[in-house]
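Each of the next two complexes has subunit A plus one more chain, namely subunit B in the first and subunit C in the second.
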Partner chain A sequence: MSFILGTSLLAVVTALACALPGAFVVLRRNSMLVEGIAHAVLPGIVVGYAFTLDLNSPWLIVGAALAGLLVVLCNEWLIRTGLLTGDAPQGLVFPALFAAGIILITLDFNHVHLHTHVVLVGDLNLAAFHQLVVNGVSIGPRYLYVMLAVLIVNVAFIAIFYPKLKVTTFDDQFAMVLGMRTKLLNTAFMFLVSVTVVAAFHAAGALLVISLVVVPAATAHLISQRLSVMLVLTALFAVVGALAGFWIAYVLNAATSAGMAVFYGFMFVAVAFIDKLAIRVRRYRRAEAASAGRPAGNLGIEGLLAKPRYAFAAQRRQEESGRRDGSAPAADTQAAE
Partner chain B sequence: MSTGPIACQTRNLSVAYRADPVLRRVHFSVPVGSVMGIIGPNGAGKSTLIKAMLGLVTPLTGTSEFFGQPLDQVRRRIGYMSQSTSVDWDFPTTVIDLVTMGTYGELGWIRRPGKAERARAMASLEQTGIPELASWQIGELSGGQRQRAFLARTLVQAPDLYFMDEPFQGIDAKSQQAMVDVLKDLRAQGKTIVIVHHHLATVRDYCDHVTLLNGSVVASGPADTAFTKENIRTAYKAREGAEAFLETAV
Partner chain C sequence: MVDPIEFFGNHTFRMVFFGTTVIGLVAGALGSFAYLRKQSLISDVIAHSALPGALLAFLTAVVVLGVSGRNMLGLIVGAVTTGTLAALFANSIAARTKIRIDTAMAISLTVFFGAGMIVLRIIANGPFPGKGGIEDYLFGNASVITIADLATSTAVGALALILMLVFWKEFTLRTFDPVHSTVLGFRASVIDTLMFTTIVIAIVIGVQAVGVVLMIAVVVTPPAAARQWTSTLPGMVALSGAFGAIGSGVGAYLSIAVGNIPTGPVIVLTLFVIFLVSLLASPRRSVITTTLRRARARESLRRELLTETTDR
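Moving on, here comes the complex of A and B:
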C-alpha cells in the first residue's frame, strides 16, 4: 500500500472512530467533557509510553483511558457534592492531570521523548510511519489497524446498545423508571469515548481530538430529524471532512489534524447556512399545507426528501372521525366497552 | 382511610438536597382505583416526592411499596410521566419514536422495537388524539402536544399505576380536554393515578383523593375529608392564590 493511500485511509478510519460515539456525546451535552478527557489522559500516555515505548500499544491505550475515565467520575462526584456548579468541576480536574503529564515530559521521565506539537495536535504522518508488513508486503500503517479495531468496537457497542443509548440520552429519568441501568451504560460509554480519544491522540493530539469527536455530529444534528439519520450523516461528514482535510494539509504541507479540523469548521458553517435556507422552504410548505387543510407531515431537510409514512393513514383517520361528527377515538373505545 | 387494596404506600420518607430538607417523614398511601392528587404550594416537594418514590432521588430515610412489593419487582406495572420541560426537544427523533420508547422496558438488552411495538405506539397516539403528528420531529410540537406525546409514551406501557408530574402544565384547552378524557378512561378501567397538580380550582374535577403537601403531609385521604379549608390554609399558609380560592370555593 502506498504511503499516501495508507495515511489517507488512516485519516478516514480515525475520523469515523471518533465521530460515531461523538453523536451521543453531542446529544448528551458532554462535548467539553471530551476536551477534559483528551487533556487528562496525558500523564497516562507519558507513563504508558515510558514502559511500552509504543504509542499504539493496547496496554497504553487502556491504561491512559482509565485516566480519562477518572475525569468523568471525578466530575460526577464533584457535581454531586454541590461544592461547584456548572462545568467548573471539569476545569478543576483536567488541567491538573494535563499539567502532571507536562511535568513528566519536561522532567524527561524515563527518557520519554514526546514533542510538544505531537502532544497538542498530533502527527498523522508520523503515526503512519510504522508500516505493517505481512510476508514482505506492506499492508498499510500499523496504526491504521489500531484505529480500525477501535472503530469496530465503537460500531459494535452502538449497534448492540442502540435502543438503550437512545432512551438514556433522551430521557435519563424515564429510562431509570423503566429499570435500565443507566449509570452502568453511561460509564461504559464514557470509557469507550476515553479509549477512542487515547487511540486518536497520536493522530490529533490533546487539542484537536475534540474536533474529530464533536464537529461531524454537531453538523449532522443541524439537519437530522431522526437519530439513525444523524448517525449516517455524522459518518458521511466525518469521511468527507477527513479526506478533504487530509488533501488540504497535503497540498499546503500543514498538519493533517489541523487541516481536518479547519475543513470540519467550514462544513459546519456551510450546512448551517443551507439549513437556514431550508427552513424558509419548510415554513412555506407548512403554510401551504395548512391552507389546503392537509397535515404538514415531517418537516426539515429529511422531510423535504421523503413522503412521511404516517401522513396518509392520519389523513384517512381524520376523514373517518370527521364523518362520525368528530368524535374522539378515546370516546369510541369507551362506548365500545 | 379507606380499607380497600393499596396501590402504593410510602412510609417515613425524608429527602434533602444537600443541606436543605425538602420532605420530612412523609407517610401516605394510595388506594387501588383512585386518582390521588399531590397538592401543595411551589417548593412543597411534590415532584421530589414522586421522584423519591420511583428511585430517581435517593431519600435519607423511608421506603415505598407498590402493590405490596418493592419497586424492582413491579416496574412493568408502573408508568411515569415526567414534566415535559425535563428533556431536550431538539433531540433528533419523531413523535412515534418517542412514544415507542415506552415499550423499551420489555425489550431486554438486545431486542429492538418492531412492528407490534410501533402499532401499540400508534394506538396510544390515537388515544391522546394526535396520530397525525406521528412522523413529526418532536421539537415541532406545541406545549400541549408535547404533554400528549408524553402521556402516550406512558400509556403504551399499559401500567396499572400512573405517576404524572404536572400533566396540565402550560397546555391549551384542546390538549387539556384530550388528557382529561384519557384520565377518565383510565379510571373507568380501574387504573390508579397519582397526579402532581397545583391548580386548586380543578383539584375536585380530576381527583377523588388528595394529599396536601408542604414539606410534610398536611392531610391525605378522600377529597371530602382531606381537601378542606383548614387543611388548604395550613398547607399554603397565607398565599394569595390560595386565599382567593378559599373565598370562592370548597
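Moving on, here comes the complex of A and C:
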C-alpha cells in the first residue's frame, strides 16, 4: 500500500471511530466533558508510554482511558457535593491532570520523548510511519489496524446497546423508570469514548480530538430529525471532512488534525447556513401556496424525515422543564441522575 | 533549590513573580463573575482562541509593520479580538441553531485553535525574525516577561479591575437577578458586553506567562475555592483574587526553584491544591464539615428518639 493511501485511509478510519460515539456525546450534552477527557488522558499516556514504549499498546490505551474516566467520575462527584455551581466542576479537574502530564514530559520522566506539539495536535504522518508487513508485502500502517479495531468496537457497542442508548439519551428518567441501569450504561459509554480518545491521540493529539468527536455529529444534528439518519450523516461528514482536512494539511504542510478541525468548522457553518436558507425558501413557498389557496405541496427531504419526531420532542420537553428549574441546560442531564 | 533572597535579588525572577501574581489577581477576581453566572467553561474557549489572534498579531507586526513581533500590547489586541469572536461565535450557534451551548463551545474552540495551530506551523516554516520560542504561547513561559510587558499587563489588568469596580452594582444585579436588572432599565447587552470584555482581558494577559492551554484553570479554580470560604460577593471577589495571586506567585517561585519546568503547569497544580484544601476542609461549607454536621444531626436525632421512648 502506498504511503499516502495508507495515511489518508488512517485519517478516514480515525475520523469515523471518533465521530460515531460523538453523535451520542452531542445529544447527551457531554461535548465539553470530552474536552476534559482528552486533556486528562495525557498523564496516563506518559506513564503508560514509559512502561510500554509503544503508543499503540493495548495496555497503554486502557490505562490512559481510565485517567480519562477519572474526569467523568470526579465531575459527577463534584456535582453531588453540591458545593459548586454551573459548569465549573467540568473545568476544575482536567487542567490539573493535563498540567501533571506536561510536567512529567518536561522532567523527562523515564526518558519519555514526546514533543509538546505532538501532544497537542498529534502527527498523523508519524503515526502512519510504521508499516505492517505480512510476507514481505506492506499492507498499510500498523496504527491503521489499531484504529480499525477501535472503530469495530465502537460500532459493535452502538449496535448492541442501540435501544438502550437511545432511550437514556432522550429520556433518562423514563429509562430509570423502566429499571435500566442508566448510570452504568453512561459510565461504560464514557469509558468507550475515553478509549477512543486515547487511541486517536497519536493522530489528533489532546486538543483537537474533540473536534473529531463533536463537530461531524453536530453538523449532522443540524439537518436530521431521526437518530438513525443522524448517525449515517455523521459518518458521511466525518469521511468527507477527513479527506478534505488531510488534503488541506498536506497543501499547507500543517498538522492533519488542524486541517480537519478547520474544515469541519467550515462544513458546520455551511450546513447551518444552507439549512436556514432552505427553511426560509420553504416558508416563502408555503406562504405563496396558502395565498393562492393551494395546499402546501412537497416539503422536500426534511418533510419526509420529519414524521417520527417524538424522540427529539421528548428531549426538548426535558430541556424546557430543566430551564424552568433554573438549572443550567448543560448540567441538567447529570443533575437528573 | 533557589532560596528566597537569591530569588528576589534576580531581575528575571522578580519579573516572573510579579508578572504571574498580577495575572492571578486579575483572573481570579474577574473569574468570580464567570463562575457565578455559571459560564466557567467559556473561558476555556476564549483562552484557546487567543492563540490565532496572538500569532496573527506577531505576523502583522513582523511582516506589515516591520517591528519586533514580541509586543505585549499587540498580543493583547490580537488575542482579545479572536477570543471575543470565538465567544460570540459559540453564543450565536447556540442562539440560532438547535445545537446547545456545550457543543457550540466545542465547535468554536476547535475551529479557532486549529486555525491557530496552522498559523503556528506557517510561522515555524517561514523566515520570520524573532520567531524563536513562539510555541511558548501554548504552555507559557514566564521567564520572557520584560519590564515593558509587566507594565502593559498591569495597566490593562488594572483597567479591567477599575471597570469592574465602576460597574460593580450593575454587574452584581445582572449576575444574581438578570430579570430584575432589565426591569430596572439597565441594558442587558451593554452590561454583558462590559462584563465579558473584562473577563476576556483577564484571560489574555495570561497567555504569555501561563499559555492558552491551561489559562482556564487560573480563571475557574480560584473562584471555586473562594466560594467555599465566603458567602458575600465582595468577599468572594477579594478572596478569589488573593487565591489567584498567591497560587500564581507560589507556582512561579516553585517552577524556578525546582528548575526547568514550564511555569503554567506548576501554577495550575498550586491552584488545584488550594482548591482541594478549600473543598475538603473549609470551616463553613466543605466536604468534611458537611459530613460532620450530618453525623452530628443523626446522632442528636437518635438521642432525641431514645429519650422520647424512655420517657414514655
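Here is the rule we go by: the second predicted complex is superposed on the first by the 283 of 337 C-alpha atoms of A that agree within 3 Å, B and C clash if a C-alpha of one lies under 4 Å from a C-alpha of the other, contacts with A are read in each partner's own complex, and residues count from 1 in each chain.
Here, contacts are C-beta pairs under 8 Å (C-beta built on N, C-alpha and C of every residue); 3 or more make two chains touch, one makes a residue touch a chain.
A quick note: this is a predicted structure, and the numbers were derived from the prediction, not measured.
Of the two partner chains, subunit B is the only one touched by A:I160; subunit C is not. In the superposed model, A:L178 lies in contact with subunit B only, and not with subunit C.
Look at A:A100: by the touch rule set out above, it reaches subunit C but stays clear of subunit B.
Looking at the shared chain after the overlay, A:F170 reaches subunit B, while subunit C stays out of its contact range. When the two structures are aligned on the shared chain, A:H221 is found in touch with subunit B and with subunit C.
Of the two partner chains placed by the overlay, only subunit B lies in contact with A:M230; subunit C stays clear of it.
Within subunit A, the residues touched by subunit B in the first complex and by subunit C in the second are 29, 221, 328-331.
Of all residues in subunit C, those touching subunit A in their complex are 35-41, 43-44, 48, 93, 96-103, 105-107, 109-111, 113-115, 117-118, 121-122, 125, 135, 138-139, 213-214, 216-217, 220-221, 223-224, 227-228, 260-262, 264-266, 268-269, 272, 275, 279, 285-287, 290. Within the complex formed with subunit A, the residues of subunit B that make contact are 17-18, 51, 54-56, 72, 75, 78, 80, 82, 86-88, 90-94, 96-98, 101, 104-105, 107, 109-110, 112-113, 122, 126-129, 131-137, 140, 153, 178, 181-182, 184-185, 188.
Across the complex, subunit A meets subunit C through its residues 26, 29-32, 34-35, 81, 83-88, 90-92, 95-96, 98-100, 102-103, 106-107, 116-117, 120-121, 207-208, 210-211, 214-215, 218, 221-222, 249, 252-255, 257-262, 264-265, 268, 272, 275-276, 328-331. Looking at the complex, you find that subunit A touches subunit B at residues 27, 29, 82, 160-164, 166-167, 169-171, 173-180, 221, 224-227, 229-230, 295-300, 303, 308-311, 313-315, 317-318, 328-331, 333-334, 337.
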